[in-house]
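Each structure below appears as structure tokens.
The same chain A turns up in both complexes below, where it pairs with chain B and then with chain C.
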Partner chain A sequence: MITDIVQQLLNGVLVGSTYALIGIGFTLIWGFMRRFNVAYGATAIGAAFLGLAAHRAAPSLPLVVPFLVAMAGGAILGYAVDLVSFRYLPKDYELAPLMSTLGVLFLVEEAINHTTEGRPQDFPALIQTSLHTGQLFGTGPYFVRGDYVVVFVLSVGVVAGLYWVLFRTRLGLALRATAQQPVAAQLVGISPIRSDAQAFMLTGALAGAAGMLLSMGVGTATAELATSYTVRGLTVAVIGGLGSIPGAIVGGLVIGVIEFEALGFLGIGYRDIFAYLALFAVLVVRPQGLLGRRVG
Partner chain B sequence: MRGIRRRFVLMIGVLALVLAACGEGGGDGNGPEAAPKAPAAGKETLKIGGLWAMTGIGQSFGKNASAVFQMAIDEINAQGGVELADGRKLPLEGMVYDEGCPSPEPGIAATRKAAGDPVVIMLGPNCSSVAEPVFGILQKTLDDPNDTGLQLPFFTDGAIKAGLAKISPWAFRNVPSEAEMYGVLFQHLKDTTSYKTVGLGTEIDFAHSKSTADNAIKPAAEKAGFTLVADEGWKLTDTDFSTQASKIREAKPDVVVTASHPFTTCGFLKELGRQGFAPKALVALTSSLTAETIEGCPKEAEGMIGPSSFAPVNPEAAAVADKVAKEYSGFVDIHSAPVYENLMLLKDLFKSAGVEGRPDTVAQDRRRIRDQLEKTTEFKGLLGTIKFHHELGGEVEKPWLVSQVKGGKFVLQWVPPQFEAVIEKS
Partner chain C sequence: MDYYLAVLSLAAIQALLGLSVFIVTLTGQVSFGQQGFYAIGAYVAGIATVMWGWHVVPALALGTLVAALTGVVVGIPVLRVRGLYLAVATVAFAEIVRNLILNFRYSKVVEGRNVGALGLEGFRGIRYFYDRGLDPPAVFGVIAGTLALVVVLVWRVDRSRSGRVFRAIGEDEHAAAMVGINVVAMKVLAFAAGGAVAGLAGGLYAHYTTFVDYSTFRFQLGVLAVAYALIGGTASVAGPLMGVAFFTAITEGLRPLGEYRLFAYGALIVIAMLVRPFGIVDGDLVRRLRRWARKRPGGRPGRPDELEPVGDVAG
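The block that comes next holds the complex of A and B.
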């Protein structure tokens, strides 16, 4: 019993770290612009497919190359989302970007579907081994997936890099200034249009990294994962507290652990029930999220 | 300001190009798509509809079905078209509608649209989750003036969930019985191997997978004497299968059965591989014996077996599969092969049904086709004779075999004794 609880905890933490990676993208855009970018999951999957295309074009190159292509593709897609769904839409209508990014989500999904003819695509494994030699390691009765550990470590690295950009560079300073005091930022010469574009490119690159890591972790991907990741990412961001990066990390881990414990002990029919009960509980007890700031 | 305007115009232009590119070959959910090689505009045609998944998660099924549809129509038209009651010959024209699988709403909307178009019969849909509600809006009682259901015949090729054609007398299906197929397959495994236990993984939120697991696979395995030692579930868009795979691995079943579609089948098989578990036999859902599975997880699917009512095992079946692959970019499988079989039956049925093929006789022609289908007792399939069982409500009994993935291709693994005579091995 205890063994099972611990095993599911390990699985939940590792998979939860991938949820956190998606949740961070949602929370960042909210933090910068106070808007939901529902196309974030689509950016992640779209970028992952660009990474896959690069891998197929040059399979002998190390996996870091498609990973970087996915990040670059994500940055371009993120910029496109800014252009299409935010920059030219009236600022007074908060729902306009929400609906517009929803449209981009479906557009990207269908574009991938048309390109792949709806067929699941085989992604390269993060840890290359021959089949059935096992990619697990652990101690005693516990085991963890090697590639999830790699995803976890890379996720930590990506988040550390993000923190470095946000708190140790002029770009991060400009982004934070625009988010906190847009008028004052303009007065000191920071262009809000440029800042928004940079925010979308930064989160897009993050989406590319997340999409590629997640798809390589699963080993197979389809366009429909975009919607699935969107729902998960929003849930994680809301539970953690919109605008809070540590909140998204905690939210991802909480959802991951709840899902895996419910799946392990009650079965697939209860997994989502408990995950969304947790969301409702947080919204009722602490509407600003676990680590979010109370507004007003 | 001018710069912003210029960029805005550029952005709209790019968006329009993207939309145009995506719209190519895609449906809008309701309206029919022009068939790629439609007869010249203005030329009189007999229109046949196809309701398939042209977008969304099931679009690979729809694209295969529409490729076979167009291939069969071209073949019929190359022979002069179809003969009608008055002796005239008309070319066929295909009108493809998007069913939007797995959501039922687009399929219902497209069916209502098709009912207003001059199509005399519909083929499809692909998905059982669409077929069930679509058949639900068809007329339930013939000649009942109070029954305002649509009077549009459907001759389904894909939706395979048991019993769907019973919903309406306007629904007919050319799909095999999965209960029968898995019953025979598990008995064969029991008779020819020492395997005793089964571990089952089911995609619980997809009508076909869940229904087949509960009503065909589990009863068949238990009836054959297998013990179900693990029964795990997952959802259609799940990406992690570690818990389910580890429970199945711990139960050490001889046979692992996946009642799921290609995406999650591949994810689950990859996880089983990561956990180092290789079952003695791997049995798949009929819908996973497709090109998508081989493309999604070629190594992990190696050795997988499953029942299928199509394989290119005779010259005609091989020729159809080859032509569709080379000239129409499609894949002929258990779901798309019936499109060809159905059209070949219809080609010869229009004249005997009394179809007039005029714009003002569409409603009568639909009824005539329905009535003639009900009178049809058997027709030729790609693997042998297909028999209608109208007492079961428009269902058929058709030959099938067991396919296996070998070297990234499907090969014939076993033919049930009752079909050995009809399936010509090549």
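The block that comes next holds the complex of A and C.
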């Protein structure tokens, strides 16, 4: 019993790390603009499919190449979302960009559905281990899937890279300045339009990395994942506290663990419901999230 | 002919969903969870006619009532948050309902067939209309009649004192509270009324198609419902109707494009928001139309709130 709980906890933490990556994208755009970019899940999956296309075009190249293609593709998609869904819409009407990014979400989902003819596509495996070949790491009664460990380590690496950009570069300084004091940032010569575009490209690249990691971790991807990543990313960001990166990380791990415990003890039909109950409870009892600041 | 009736019947049901969002937007909030109420209405009304052998009218009424009560129960905690936070909370509500349906089993054997809610397999055989020999025009008549009734009701409410109170909350909650409006109670009321209309739409849909399952009530349905209201415009009850007409006309008009037509939904939303961010029938258009109606010979004089603003004072 205890063994099972710990086992599902391990799985949940490892898979939850990728949820954290998706959640961070939402939390960053919220921090920069106080808006939801609901097209974020579509950016992640769209970029992952671009990476897959690169892999299929040149299968002999190391996997880092499609990974970088996905990140670049994500940055371009992110910029496109800024152009069509944010820059030219009224600034004081929060529902317009929300609706518009939902339109982008549908558009990208249909575009992928069209090119893949609605069939799930296989992604290259990160390492040659899987439950089927039985190659697992383990101590005592516990085991972990090797590919989950690789996904976890890479996720940690991506987050570390993000922190480096945000806190050790001039780009990060400008972005944080705009997020904290848009007017003051403008006064010292930071263009808000450029800042927004950079924020969207940065989170887009992050989405590309997350989409690629998730797809390679699972081994396959479909267009419908765009919506499910969006809903999951929102859940993670809100539970952790919108605007807080550590919050999104904690939120991702919490959701991962909740899902795996529910899956292990109650079955597949109950996997999602507890995550949504947790989201509902957090919103009602503590809308600022686990680690967020109080909302005005 | 039957094809166009099917398009119109489905459009009328979608219009009810759009109206259910519209009622909530009067108080300045938006709900992406109307598909949850739609699901409740569909299942309750379906169970009532199929398993309990009820007449369809009380069955639809029961579905509407249960959806409204759910609106009250969910609205009281959930309306503590507003804006985008509320949007997320309503998604969570709808997904919880959908996941409950996935695990909900309640069926019995009628005339040799196992009918009712069968978890993952959905709910089959909601054949009340067709078992009683109603042809498609008659079914469309029932749906269109219900829509007309709801439109008139919502229009009356919007133009009544309660409508003003709703819109006052939508404009400025604090100011509304200052003049003595019970903001929380009115918001819960609007949320429950929206839930009721969505529940009615769900009941009609279940009896129209005879089959629903958990995938009927996906997030996309809730998004489209909001799209009807926001793209049509929330300034008047004509807005959501215009939104449904717009989507139906364009997606049907693009049928020659074949499967590329499916791109239309996403692209339409994006373009509509760029061109008319406040909706096709926005506040400005409504004001101009009302002014034009007054200036016609024989037009009635405007009410004080409809008089033309002096200079640049009013926006």
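Assume the second predicted complex is superposed on the first by the 289 of 296 C-alpha atoms of A that agree within 3 Å, B and C clash if a C-alpha of one lies under 4 Å from a C-alpha of the other, contacts with A are read in each partner's own complex, and residues count from 1 in each chain.
Quick note on the criterion: a residue touches a chain if its C-beta (ideal position, glycine included) is under 8 Å from a C-beta of that chain, and two chains touch if they have at least 3 such contacts.
The model shown is predicted, which means the values in this text are computed figures rather than measured ones.
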item: Overlay on chain A: chain C relative to chain B, clash or fit; value: clash
item: First (chain B), second (chain C), both or neither touched by A:P124; value: neither
item: First (chain B), second (chain C), both or neither touched by A:F260; value: first
item: Partner chain in contact with A:T222 - chain B first, chain C second, else both or neither; value: first
item: Contacts of A:P192 with chain B and chain C, given as first, second, both or neither; value: neither
item: First (chain B), second (chain C), both or neither touched by A:L95; value: second
item: First (chain B), second (chain C), both or neither touched by A:L214; value: first
item: Which superposed partner A:V238 touches (first chain B, second chain C, both, neither); value: second
item: Which superposed partner A:V84 touches (first chain B, second chain C, both, neither); value: both
item: Partner chain(s) touched by A:Q8 [first = chain B, second = chain C, both, neither]; value: first
item: Selected from 258-266, 276-284 or 294-302: the stretch of chain C that, after superposition, runs into chain B; value: 258-266
item: Shared chain A contacts, counted only where both chain B and chain C touch the same residue; value: 84, 88, 107, 110-111, 113-114, 227, 269, 272
item: Chain B contact footprint on chain A (complex, rising order); value: 7-8, 11, 15, 83-84, 88, 107, 110-111, 113-114, 117-122, 125, 131-136, 143, 145, 147, 214, 217-220, 222, 224-225, 227-228, 260, 263-264, 267-269, 272
item: For the chain C and chain A complex, residues of the former touching the latter; value: 30, 77-78, 80-81, 83-85, 87-89, 91-93, 95-96, 99-100, 102-103, 119-120, 218-220, 223, 226-227, 230-231, 259-260, 262-263, 265-270, 273-274, 277-278
item: Sites on chain A touched by chain C in the complex; value: 35-36, 84-85, 88-90, 93-100, 102-111, 113-114, 227, 231, 234-235, 238, 269-270, 272-273, 276-277, 279-280, 283-284, 287, 295
item: Of all residues in chain B, those that touch chain A in their complex; value: 4, 7-8, 11, 15, 18-19, 21-22, 24-26, 53, 55-63, 204, 232-237, 239-240, 242-244, 246, 262-263, 266-267, 270, 273-278, 291-292, 295-300
